[in-house]
Each structure stands twice: as C-alpha cells, then as structure tokens.
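Each structure below is given as structure tokens.
Both complexes shown next keep chain A, but they swap its partner, so chain B is in the first and chain C is in the second.
Coming up: the complex of A and B.
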C-alpha cells in the first residue's frame, strides 16, 4: 500500500477531510505530521527564507517532519484558486517549487493544481491526473472524489455549529469533541486565515484563551456564506482574495449583529493581504470594539493575554453600561 | 489606618502605592525593575514598609498589574490581578471623571485608551514595535550623556527643533547621530526626537482613534516635559498630567482591590511582612520533555518550596500547585 503524507499546515485546515478521503478511497494510506510544536517551528524557520510569513515556515516544518517517515508521496497541492474570479495568496501557487528548492531528498511530490478561477474543467483534469498515480480506472477516481467531497461537507457542517475547523477534523477522525465552555458571558467574533487561527501554536491558542475568559467565539465558518458575500459586496471594489473577502464580509456582518460584543482579527506579521484587509475592517467597523492581534514566531504570551483580558474587561463594562442605560426610569 | 496596596510590575519600572480608603496616596515607590522583578518586589515593599510601623496588619487588600502581575500575586498575595489597560483606565477615571482620552507611554509599550462616561470604550496598544517608548528614550539619553530626568527640561529649551524620523527607532537614531555630527544643538535634537515620537504614537498607536478633551497623559514617560509640549503642539489641546502620573497603574490596581474587597466579605490574600521579606525567593526554569512542544517552564520557589509554575502550554505544571496540599509542593524534576 502506498503511503501519502499530508502536512498539517496551510489549507490542511480547510480541506484535509477531502484530501485524506480521496487518497484513502483510492487505496492509499494517509499520514500527517503532528500538531505544530516547537520542533515544527524550529525546523520550518531553518528551512524557509526569513521574509516569508510564519504559517509558510510552519508548513515547511511539517514537511520536514513527514520526510523523516517512510512515505511514498508528499501531497503539496499548488493552490491557485478555490472559487471563480478569486485567488489565494501567490505564495501558495509557488509552494511546491519552494519546497523542492529548499528541502533536499524529498519523496515524490504530488503537486495537484487546484484552480477554480475560470471553470471546473481544469480541476477535473487534475483530479484524474492525481488519481492515475494510484489507479487506471477513471470512474474509480471520480467516485473517490465524490465520496471525499461528502466527507468535507460533514466537517463543514460541524464547523457551522461553532467548532473550529481543527476541532471539526478531530471529531471527523473519531476523537471526542471538546467540552463546550460553561457559561459564556461574552460573544466575540474572531477572524483570521484558518491556517493561523486554527493552528494553536500559530494563533498562540487565542481561541481557547478567550473561551477560558468566558467568551463564546463566533468563527467565519459558522456564518452563512451568502450573507458574507452580500456584506463583502458593499465594498466599492471587489476583494479578489478568497480569504480576504471572507474576512471583510464576516466582519461587516458581525458588526451588525447585536449579540456579538466585539471582533478580533488575528493577522500574521508579514502577510501582505492581512495588512490591507485588517486596515479595511478597522475603518469599516465603527460601532463595535475591534482589536487587531498580530502574531509571528514569538512565544511570549504576556502581550497577547494582556490585550485579550483588557478587551474582555472592556466588553463586560460596556455591556453593563448598555444594560444600565436601558433600565426603565419609571420604576 | 487601613491601606490598599497597589503594585505595578512593568518591564522597566516597578511601582508601589499605599492608598487610603478616601483614595489619598499615603506613599508611593517608583523603582527600576532592572530585569529582576523578584528583587524589585522585595525592595519596593521594604521601601513602603519604612513609612509605617506595622505594615502587615494595616493592609486591607492588594491589587497587582503590569506584565509581572502574576509574579507579584504569587510573591505578595493579591486579591485582584488585572491587566494594565484596565488598571490605568480605572485610575484615570477616578481622578478625572470627565476624562475622554488617556495617553499612556511606559517602558516598553504605549497605549491609548478612549473613555466614554468613565468606562473604556476603545483602546489600542503598540503592536510589533517599541519605537518611541520609555526604553528608547532611556537609551538615547544615555548615548547623549543626559540624565533621563533632565531630558524633558532640556528639550523645552529648544527654539528650533530639528526633524527626526520617528517611524523606527533605528532610523531615528541614525537621524540623531547625523544631526549631532552636523553640529545642531543638543536641545534641538532632543526636542526633535520628542516631536518624532509623538508623530509616531499618533500615527501608529492612536491611528483612527478620536482624541477628545480631556486628555490625560500618564506613565513614566509623562515626566518628560518635552513630550508633553510636543503632544500639545500637535493635538492643539491641553494635556493633563496627573500628580501621580508615574504610578497610575499601581493606583488603578489599588482601587480595583478596594472595590473588590468592599463588595465581598472576605479576608485579604496578602501574605504579610515575613512572607515577603524573610523568604528566599528563587526562580528556576527547565525544559519540559513531556511532549514535542518542549515548553520552558518556570518555577517560583520560596525557601526551596515551589509557589507557582508557569510557561507550560498544557498547564500540567501550573495545575500541580492547585492540585496538591502545600507540603507536597516540592519540585521534583
């Protein structure tokens, strides 16, 4: 049986169930790297140029970990676009080449081109090209993809209930779901690229920190896609980054929701799109507390905790005040 | 007399105040942390103690804040452990109920707090850059051989401030060196620096925030009259510096401790004189080998007995202290 390694980084958090099921349906075995830890980070920083963003470095760390295993293939898709007229960060496009250039002695790389920018035909060809590595039967490849797509929908449905994509993947793999937080005093919307937000090391565990501080976190995956698109469409120019548009749309929607107390945007230091999108959101969200958190490879949590604590304090006091102002004066 | 003790352990300075119930500051201590918060806490407490006969019994509650607030809470026993933003806001709005903007510049961070009706409505902190904070001023003062206390007054003597790049500490320094070698008077250079820092602060930290009267300027850097003047020049609004501007965080912590104790009938967690002064506090760190994260775990010990652990992501070390009775708190690594 052939073994395919899938690094636990970047779009793993959005598509792992699809990718894994596809290969498993074709008779392969899938292994993945461990959750991002200090070693992953060290390996990644060593292997990648300094200018790249932190999640890319982490991805390199995951690849180096996988290379230590006996694997036949390494799945590093060349992601150009996941929907029409929209794109992903250009670094994703070049990542198979960057990996080949920087990491020696790689196993065979499966560099499926994922590009929905024009139509679905190219994707169809790529699915067959990828599947042919394992089987000659086109019908079997198509069936494998269809079934895998259903698995992804299952995870997305979990995320819609409020789990992070990382948690949804855990549950999908048969592990027990995390305990729901007790009483949530506050509801905080959190935005950010999935590969930074749902990687506990990259995001410095921000989601769980907030949950421990008594917040229910509202994530973009739990929002209705159409609502997000409609909100994003109110901008004078269409945002052509898939994730950027999702963030702007989610932020604008969250800003209007009365049950959400505040919004936090987790940006990566050195991310071009983030620097623009964060700014747009900050300018557009006027009626609700908004905080931008910039993460990078540092591990010191003091700065993060101070900001989160102060943010929650502020939300609680604001809530008290709003409540006090609405008390009837006629007794 | 009963007092509330407020402690603010910052990256650069450690501040202590003893506040009475009517919010009078009985005594304040401002110390340099100098990279050793444990020593600073002991020294600070000793300095406070010298002003009272029996301090231990007269302390009704303790509040700690600043980046070293958890350490202070372990070493002294604190009833309230609060972040510095909330503490600063509470202090400012207690003394200036009408305040709408707080500019706070400390040793390594700078923040802006927007208050409406006495509560925090919005705030921002410097993100990835410490240009323009106290430690940069310190460093420049040392380089020019000026005592930091005289920095501001000297800046006020300037008649024609020079233009210094304020975006980044590295550029600012190279600009200053260049201007100094060209022969510009030192007071013009440092006033230029003050103006550059204010521009940097307003463009970065305060970007997009509506700065409205009444403006309170606090934190250690508020001692600098040059910066005060530069803020007034740019904002065209008067800047108020509270009497105890350098210890406002500690005052906020004391007020929060007072509020908490008034609402709850309970004994203070304060550990008393002998615990703080006679204990031999040591910190040690080790790399946990429990998982690939290899967290750097810190242990705070008093007379070889572990008081607290932190730094572990999974909290398995941190939890040991709460899980076991006191006699079992021996670190066995």
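Coming up: the complex of A and C.
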C-alpha cells in the first residue's frame, strides 16, 4: 500500500478530511505529522528564510518531520485560489517550488494545483491527474473525490456548531469531543487564519485560554457564509484574499451583534494580507472593543495571558455598566 | 481640481506631462525626504510594506500644499499593492483630509475600461487629444528608459562619476521639458553621445543584475540609490524592470508592446513554475537570464515582508547553485540604514571581484 504524508499545517485545518478521504478512498494510507511542537518550529525556522511569516516556517517543520518517515508521497498542494477571482496568498502559490528548493531528499511530491480563480475545469483536471497516481480508472477517482467531499461537509457542519476546525477534525477521526466550558460569562469573537488560530502552538492556545477565562468563543466558521459575504461587500472594493474577506465580513457582522462583547484578531507576524486586513478592521469596528494580537515564534504565553485577562476584565466591566444603564430608574 | 500622485522614481516625469496635456492642474508631491518617510510611518499600519508608507507621506505632503485629488494605481492581487489605495483612502480620510481618489485599475483585466477612466479624468479635452497625449507620453517614457540605461552603462566605466551623475540629471530634466517627439529624440541622442565621450578608467567592470519588486527597483530613495552606489564601485547594473515595461505590463496588460514575459517565465521554470503575484516570477526568470548572460552576480531587492519576493528568495538559493551565480537579497524598511546597506554592497562586490580574478587566473592556467 502506498503511503501519503500530509503535513499538519496551512490548509490542513480547512481541508484535511477531504484530502485524507480522497487518498484513502483510492487505496492509499495517510499519515500526518505530529501537532506543532517545539521541534516543528525549530526545524521550520532552520529550513525557511528568516523573513517569512510564522505559519510557512511551521509548515516547513511539518514537512521535515514527515520526511523522516517511510512515506511514498508527500502531498503539498499549490493552492492558488479556492473561489473565483480571489487568492489566498502568494506564498501558497509558490509553496511546492519553495519546498523543493529548500528541503533535500524529498519523497515524490504530489503538487496538485487548486485553482478556482477562473472556473472549475482546471480543478477537474487536477483531481484526475492526482488520482491517476493511484488508479487508472477515472470513474473511481471521481467517486473517491465525491465521497471525500461529503466527509469535509461533515466537519464543516461540526465547525458550524462552534467547534474549532482542529476539534472538528478530531471528532471526525473518532476521538471524543472536548467538554463544553462551564458557564460562559462573555462572548468573544475570534478571527484569524485557520492555520494560526487552530494550531495550538502558533496561536498559543488562545481559544482554550479564553474558554477557561469564562468566554464563549465565536469563530468565523460558525457564521453564516452569506452574511459574511454581504458584510464584506459593503467595502468599496472587493477584498481579493479569500481569508481576508472572510475576516472583514465576520468582523463587521460581529460588530453589529448585540450578544458579542468584543473581538480579537490573531494576526501573524510577517503576514502580508494581515498587515492590511487588521488595519481595515480596526478602522471599521469602532463601537466594540477590538484587540489585535500578533503572534510569532517568539511570542510568550505569559505575556499573551496577561493581555487576554486584561481584555476580558474590561469586557466584564463594560457589560456591567451597560447592564446598569439598562436598569429601570424607578424602584 | 488639483491633482497629485505618488512618487516612484522617475514616474513623475510622464505623469506630469500626461496630466498637463489633459489640461489638468497638478500639485506634485515634494521629493521624498526623511520627513515624508516619518509622516508615512506614523500614519500607516505598522506591518504594511514600505511603498505604502512612502505613498502616505507623499499624499500628506501634497495635500498640505493644496492637492485635493489623488491618482493612484490599483490591481487585483494577490500582492498587497492591489489594495493599497483602499487602505490609503481610509487612513487619509480618518486624518481629516477632504479629497477625491481616482484609482486606475483595469477592472478584471479590461483595458477599455482603463482608457475610459483616463478619458473621464481628462474631461476638458477630446478623445483624440487623449490618444495623442498617451502616445507622446509613451515616447517620453521610452526616452527616460534610454537615458537610465545609458547612465547605468557609462557610470560604471567612467572615471568621472560626478559628471555622469550630472549628465543623467540634466538629461532627464530636458526630457521632461520637451514639447515634441522630435525634441525628445534630439535630447536623447545628445545625452547618450555625451555619456559616450566621458573618459574611461582601466579597472575591471562587474556586471550585476538587479531584480525584485518594482517600487524598490524604481525608487532610489527606497533602495538607497543602489544603482548609482554600485556604479561608483565600477559595477554596471542591469535591471529586471524599467518604467516602460511596468506600465506596459501592469497598467495596459501588454497591449502597447509585445512583452517578453513568456520568455522570462520559461527561464523561471523549473525553479518557480507558477505565477506568484507581484514580480516574484520575473525575479527568478531574470536571475536565470542574467546568469546565462555571464553576469557576475545578482542582487534581489524588495520591501521587507514582500510576499512574492519571499517566494522568489526561497528558491533563489537553488537557482544560485544550479546556474552558478552569486546572489544576495536586500530588504528595505523604515529601519534600514545607509551604512548597513553599503557595507553589504561593498562586501558583495569585493567577493565578486575576487571570484572574477580567480576565474580568470584559472582560465589562463595559473594556479
């Protein structure tokens, strides 16, 4: 049986169920790297140029870990675009080339091009090209993809209920769901690219910290897609980064929701789109507490905790004040 | 309506000419100074790339001089540049400036719409005059490129560097004042002739390819005048981007003249096999091209955190090895200092000179 390695970084957090099922349906075995840890980070920093953003370095770390295993293929898709007229980021478009230039002795690389920027035809071709590595039967490839797509929908449905994508993937793989936090005093919207937000090492476990501090976290995946798009469309120009648009739309929507106390944006140090998107959101969200947290390999958990606590305290005070203001004045 | 625009190297020459020909009133931003940069840094997002910050500085200084309309280029990603104008407008509005922003972008690659936009700005003149103006300016742009190339060639070879610098400056000034294409041709020819007559030195000449992000390449303030600094070190610089190419490719989608993009992309593979926005693919393609034309070295420059250039930089090590060409990457941001940049440039050219000498000796059979 052929073994395919899928690095646990970047769009793993959005598409792993689809990718894994596709390869498994075609008779392959799939392995992933361990959850991001100190070694992952060290290996990544060593392999990638200093000036890169943190998530790309982490991705390189995952690939180097996988290379130590006995695998036949390494799945490093070239994700150009997942919807019409939008992109993820230039780095996503160049990643197979970057990896090949910087990591020696790679196993065979499956560099499926995912590009919906014009239409769906290219994707069709790429699915077949990828499937052909494992079988000659086109119908089998198409079936494998269709079934895999259903698996992804299952995870997305879980995320819509409020689980993070990482948790949704866990549950999908048959592990038990995390227990819901006790009473939630506050509701906080959290935004950021999935691979930084849901990677507990990259985001310094920010989501769980907030939960422990008595917050219910609201994530972009739990919001209605159309609502997000409509909000994002209020900007004078379409945001051509898929994730950026999702974040702007989510932020604008959250800003209007009475039940959300505050919004946190987790940006990555050195991230191009974030440097502008964070700014746009900060200028547009004026009626609600907003905090921008930039994470990188040097971010310390202690400092982060202090900031989160201060933010939550402020939200609580604010809530009390609003509550007091709404009390009837007679009595 | 008092129009202003962002600086980018010599781009102000054709812009001024075009706007004047469209009978519009302009307030050019003052030349970029430390103050421009400080204003930009103060009001821009901390992690935005350097060109955006300099743009903001330009706009503030121009509006303080009375400008009320900004002309800016746009784009559709994935590079950040395409969203600059949007963020810049928000920043300036929040600062309390009252202005209008005209963003020139070919909406989803539709060149007709772009021409219509130009026409809409030039409402005082006929379409015929717009076309004439565009043609004239195109001629001017090519003249600017000719002079820049002559400067790059002769500065490295002459012993009278200051005279060369002076010739370059006066040449460009005359070109910006020319009223007819014929006049431009004459000035161009005369300037090139004067360059040719400069006395030469006997030192070896290094040939260095300059690749990278467009703004950093075209704007000397942004790159610490790298072309001229290298010229003083007897290194001749050839760039991957000249003004005409950028305007042709970026604004007019290759409509004015046939671009050599295809050839560059072929050179870029197998190292970089897909477009990555900005000029990432050009950076690699030109590096390979320079290597195969026996250049001595390549310098990649860009603003710090520039995404397409980081992609290119990530594969540059392999290109350098396989094509056997020494490469160096320099990023710039508001914290860059001239001393640091110049030290690295000198170290690089020293290394290239040593290598060149050793190669020569080897070829002559000496140990």
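A few points about this structure:
We take it that the second predicted complex is superposed on the first by the 330 of 331 C-alpha atoms of A that agree within 3 Å, B and C clash if a C-alpha of one lies under 4 Å from a C-alpha of the other, contacts with A are read in each partner's own complex, and residues count from 1 in each chain.
One rule holds for everything that comes next: a residue touches a chain if its C-beta (ideal position, glycine included) is under 8 Å from a C-beta of that chain, and two chains touch if they have at least 3 such contacts.
These numbers were taken from a predicted model, which means no experiment stands behind them.
Once the two complexes are overlaid on the shared chain, A:283 sits against chain B and chain C alike. Touch criterion met: A:321 reaches chain B, while chain C stays clear of it. When the two complexes are overlaid on their common chain A, residue A:52 makes contact with chain C while staying clear of chain B.
In the superposition on chain A, contact is made by A:101 with chain C only, not with chain B. For chain A, the partner that touches more of its residues is C, with chain B and chain C as the two candidates. By the document's definition of touching, of the two partners only chain B reaches A:310; chain C does not.
Judged by the touch definition given at the top, the superposed model places A:227 against neither chain B nor chain C. By the touch criterion stated above, A:93 is placed in contact with chain C alone, chain B being left untouched. On chain A, the surface touched by chain B in one complex and the surface touched by chain C in the other have residues 269, 283, 294 in common. On chain A, the positions that touch chain C within their shared complex are 48-49, 51-53, 78, 80, 85-91, 93-94, 96-98, 100-102, 113, 235-237, 239-241, 267, 269-276, 278-280, 283, 294. Within the complex formed with chain A, the residues of chain C that make contact are 45-49, 74, 76-80, 82-83, 86-87, 90-91, 94, 108, 271-278, 280, 304-308, 310-315, 317-319, 331. Against chain A, the residues of chain B that register as touching in their complex are 67, 82-86, 109, 117, 119-125, 127-128, 208, 291-295, 313. Touching chain B in their complex are the following residues of chain A: 34, 37-40, 201, 205, 269, 282-283, 289, 291-292, 294, 296, 302-303, 305-307, 309-311, 313-314, 317-318, 321.
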